[in-house]
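In the part that follows, the structures are each spelled out as structure tokens.
Shared between the two complexes below is subunit A, which pairs with subunit B and subunit C, respectively.
Moving on to the complex of A and B:
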């Protein structure tokens, strides 16, 4: 665990030392502010539910941008050999990098806390859904980052890593969101697709409800993609 | 040896790769299987554990009553919301209703919820409406066959109209028709047939288009067709046949013309037969008022009339709840000036009530007992609105009079035996009031009152529910030899009606003169029983009500509760019912009068309402835009219908069907903001936040550069 945290610390420090992190933070602030202000008018419901809903869509492209360099950067710089010869397990490397990226992602969500502050100054919001929504966003971010870690472990090209991550994330968002709305999907398949849809899983958190099946979905999904990422990284040793 | 080593090493490496690859693949597939298994278990079994509801009001919990109903479900129910997106004003309400409906699916595996956005998922909506249409296909087949047959006849008429137009044209062109009446009539007929072809084609296209809709409006298509065919029959063919028959009798008309006219008349006769047969078929279809046909019309109308309907599809029937009916404004007068009144959310009550009504395996029998010959239901009846509400809940509503009732055309019909409940069927008997009279010599009631009262007394003893609607009766004050038997029943239950008087309130004009009023609106109701507890804030109206006295010590084993109370200043009970402009009588003045009460003894239940008009269509169908507009624009006194329906539910021991008190919807809103404050927030967020991030990045970059 110590090694994992050390890798996470190194990862998060590297992210914050990189100017691109601040550009991402600035752009994310701008994007979320635009969304928030779209639902911020006197008389509107004092909630961040709509903002959170759209932030999920924003994350489809934002999170792969954070994760694309997680492991592929090590390949590109040749530092992967150092990591692989260091006395750490591949799983620890993947977990540490994922934790570091998650830490950075959590910092990215700071503007949402500012929005909650604005709501408090102008109304009497219900903090329960605001908090559960934030938890849901972090879990969703963690899920997308795990997919990003897998994509990043699969290639040394960051662009391919980004596109691969966006593609897989889209399966859990766009595809499972829009496909059930068509007429040719059988009901049973529709139910499965709905269950696999991240937006639907996040919806309960956004309402202010933390439900066990939703937690299981996120945690098992994160564990699965991190496991596969570890296997892919490990395969470098024998390929 | 040295030659073999690289080959052997390569083969061994390749073998090793294959083995590792297979191992990894198996591990990944196993992990995926495990993830699917864990999620399946979570989706099925973890549902029984309550979720963590972090909302301030615990908005995502269901009432114990709802949980019980959902736990008792034996069949599968499909709840489909057809909510439109895009309107920011309705968005919070749509969201609240959608969230609630999702909770039902979470609570019961018998509930399947689907959300269809008609703006984005037109195909799915069509598919769903197709499923609804298929349910009623068999029941509606006779109507559809009659309509299609009539359209074929219409098509024939159109083709023949063109032929007749040509024939008449040829007659007129041939200059054989003498100038005069016949010539004029033929010119008119020529014009009529010319118009008819295009008119019929237009009608035909329109009716076919309507018939091809997913949920066709069969009743309206049938009526339109019937009307059109009747017009063709009466106004075209009947007239032409008569005119041509007269023409052929005239000597001045040449034989060749007569021959043509007779030929056409024969064709007109054939067409008339076909048209009349079609009309008869359509009328026969209109008489087919079986339950599925009625239900189809209701479902179709409800889906079309609500912009955001919720459709509940059960094993036996389909119900529709409009989103608008799930919300109601709270007491407006409780809101401070400039503040939005509370919006009450009735979604759970509506939805649970709907499910319960669909679960009823043996719906209760409700008998409207009238003591006069005036029918309770139908075109001349006064209780169609409340009966309609009960029928929507699948209740078996009938009317009966011990003296027989007038038929639809006013003809007297002999009295039949009272309806008999099926074994085990719950029954509610409602004694309708005799209309009030101001004649002190009027002994009240009719010849059937005694007979009806005897029946109700017996039914009460058998454990049925009884509602007595009583009317002021001048004779009551004269110590009538035979007091109102219905009032006697009430008295024996500890509820004594004072039918010799009517409650009035005195108002003062600006000039100091006074005038009485017998109209009282109520928005506050006693909360002892669920019947009226659910009515908090709902407006009700009582007219010409008499006071009820509730016994301080009711008969043994009897419990009595007030249900409606008129309160206010300058109230009194007027005993001289013939007075022209009655004045406040201090002797009978009181701050409040009870006008409705309920009682329970053993398992029998009784409701007494001392007002003859409160449940009539005149009041219940009185809309916010005037008489008869309630259905389209909302009832001015919705409390009256709700009071009636809740009372019947209570009397039938279906307490779970009574809507509980509405929940206050907790929508917290952003307060008023000055323009400066708004500008500050806008620029602070749009420019300030990104700028802050960039400044932080610049700071880090500078520090690292210096370091």
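Moving on to the complex of A and C:
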């Protein structure tokens, strides 16, 4: 566990040293601020529900930008050789890197805390949904980052890693959000698609409800993608 | 300390390592010598547990790298080819990270970082970013990292590539100081690098071991090739005739340039003919410009192997 945390700590530091991190930080702050201001009107309910809803869409493109260099960079630099010849299990490498990226992602959410402060200053918001929404966003971020870890374990090329992650994330967002809304999808398929839709899973958190099925979806999804990422990393030894 | 038996590695259809076996005892420095592409790095990557072999076994201090990977890896300090480092970390920060990966307790970590920083001459740059260091200093960081957890086995893959001659000398000295405390496996394609420091030399080419032994043994083994050169002002036929009469001379080749006769003498069985050849020149009353041993026989042997390998590859290609 200590080794995993050492890898996570190094990863956060590395992220803060990379220019990409600041671009992501800037874009995310700008994006969330625009979304917040767009819904911030006098007389409206003091919630962050609409903001959170759109932040998920923003994350589809910005979270893969955090994860794209996660493991691919180690292969490009050759540092993976030192990491994989240290007495550390490949799973610890993947988990540590994912944790580090998640820590960085948590920092990205700071503007949302500021918005909650603005709401408190101007009216009396219900903190339940604001907090459960934040938890949902972190879980969603963790889910996207696990996909990103898999993508970046698969290639040395950061751009391919980014696009691959956006592609897989889109399956759980765009595809499963819009496809069920069409008329020609059979009902049982529609149910499966709905279950796989992150936006729908997040909706409960946004309403202030933290429910087991949603937690299971996120946690099992994260575990699944981190597991596959570990397998991919291991398989690269054999090539 | 390091045991390797019947190691084979195929990269797809390409054979990189073909049946390599050797055993290295504690405290020795072993030179792992071979031309580029001979399979040195691949062998080292298998020993360090980075790559699995296609077949065969490797173990470190009794720990099999395949069945007990973490225990085996914990006993190795490794400086990979190209010395990969994280450019955005500071020297001590990086060493601390490595120490944590090797599960060193905090107090021990601090003490060992101080020690390796001092030992590898990094005191002046300890707070600098690794990415901003000179190549020589980066190499020292790579070595410091390998020494950090005080491993019984240290594996260095081409550690002096890209260093200037002065840095090479310094670095070689550092490595020589490790003798006795650690088992050092040092790969290189430069012979003098290992000829002096190594207790044992393993020469590999084309993925196979072609020669193995102490530098002295190897020199004896290939001694027949250690030629002697004599340059005198005398008629070439006379020189050739006189030299051929010496016992222990296998062949003499002469050439003439600017009035000087140059004779290349091949001794029969590694005998040192310098004295006898000198006497011949003196007896003939020939002014001597040069008399020298044709350098390390090992060097020539190594060059032959390298040439043979690249020829074989040219034919195959």
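The working rule: the second predicted complex is superposed on the first by the 238 of 239 C-alpha atoms of A that agree within 3 Å, B and C clash if a C-alpha of one lies under 4 Å from a C-alpha of the other, contacts with A are read in each partner's own complex, and residues count from 1 in each chain.
Rule of thumb we're sticking to: a residue touches a chain if its C-beta (ideal position, glycine included) is under 8 Å from a C-beta of that chain, and two chains touch if they have at least 3 such contacts.
The structure presented is a predicted model; accordingly, all values stated were derived computationally and were not measured.
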*Return fit or clash for subunit B versus subunit C, each positioned on subunit A through the superposition.*
fit
*If you stack the two complexes on chain A, which partner ends up touching A:86: first (subunit B), second (subunit C), both, or neither?*
second
*Return first, second, both or neither, reflecting whether A:6 touches subunit B, subunit C, both chains, or no partner chain.*
second
*Have a look at where A:77 lands relative to subunit B and subunit C in the superposition and call it first, second, both or neither.*
second
*subunit B versus subunit C as contact partner of A:131, first or second or both or neither*: first
*Using the touch criterion from the header, give the chain among subunit B and subunit C with more contacted residues in subunit A.*
B
*With the two structures laid over each other on chain A, which partner does A:17 touch: subunit B (first), subunit C (second), both, or neither?*
both
*asked:* Please give the nearest C-alpha separation between subunit B and subunit C in the three-chain superposition, to the whole Å.
replied: 5
*asked:* Give me the intersection of subunit A's contacts with subunit B and its contacts with subunit C, in residue numbers.
replied: 17, 238
*Give every residue of subunit B touching subunit A within the complex, in rising order.*
16-17, 20-21, 24, 27-28, 31-32, 35, 38-39, 42-43, 46-47, 49, 51-57, 59-60, 88, 92, 95, 99, 106, 117, 120-121, 123-124, 126-127, 666-673, 677-678, 681-682, 685-686, 689-694, 696-698, 700-701, 704
*Which of the residues in subunit A come into contact with subunit B in the complex?*
16-17, 19, 21-23, 25-27, 29-30, 33-34, 36-37, 40-47, 49, 111, 114-115, 118-119, 122-129, 131-132, 181-183, 195, 204, 207-213, 216-217, 220-221, 223-224, 227-228, 231, 234-235, 238-239
_Interfacial residue positions of subunit A with respect to subunit C in the complex_ = 2-3, 6-7, 9-10, 13-14, 17-18, 77-89, 237-238
*asked:* Going by the contact rule set out above, which residues of subunit C touch subunit A in the complex?
replied: 45, 48-52, 69-71, 73-74, 76, 78, 80, 82, 84-86, 88-89, 93, 97-98, 100-103, 145
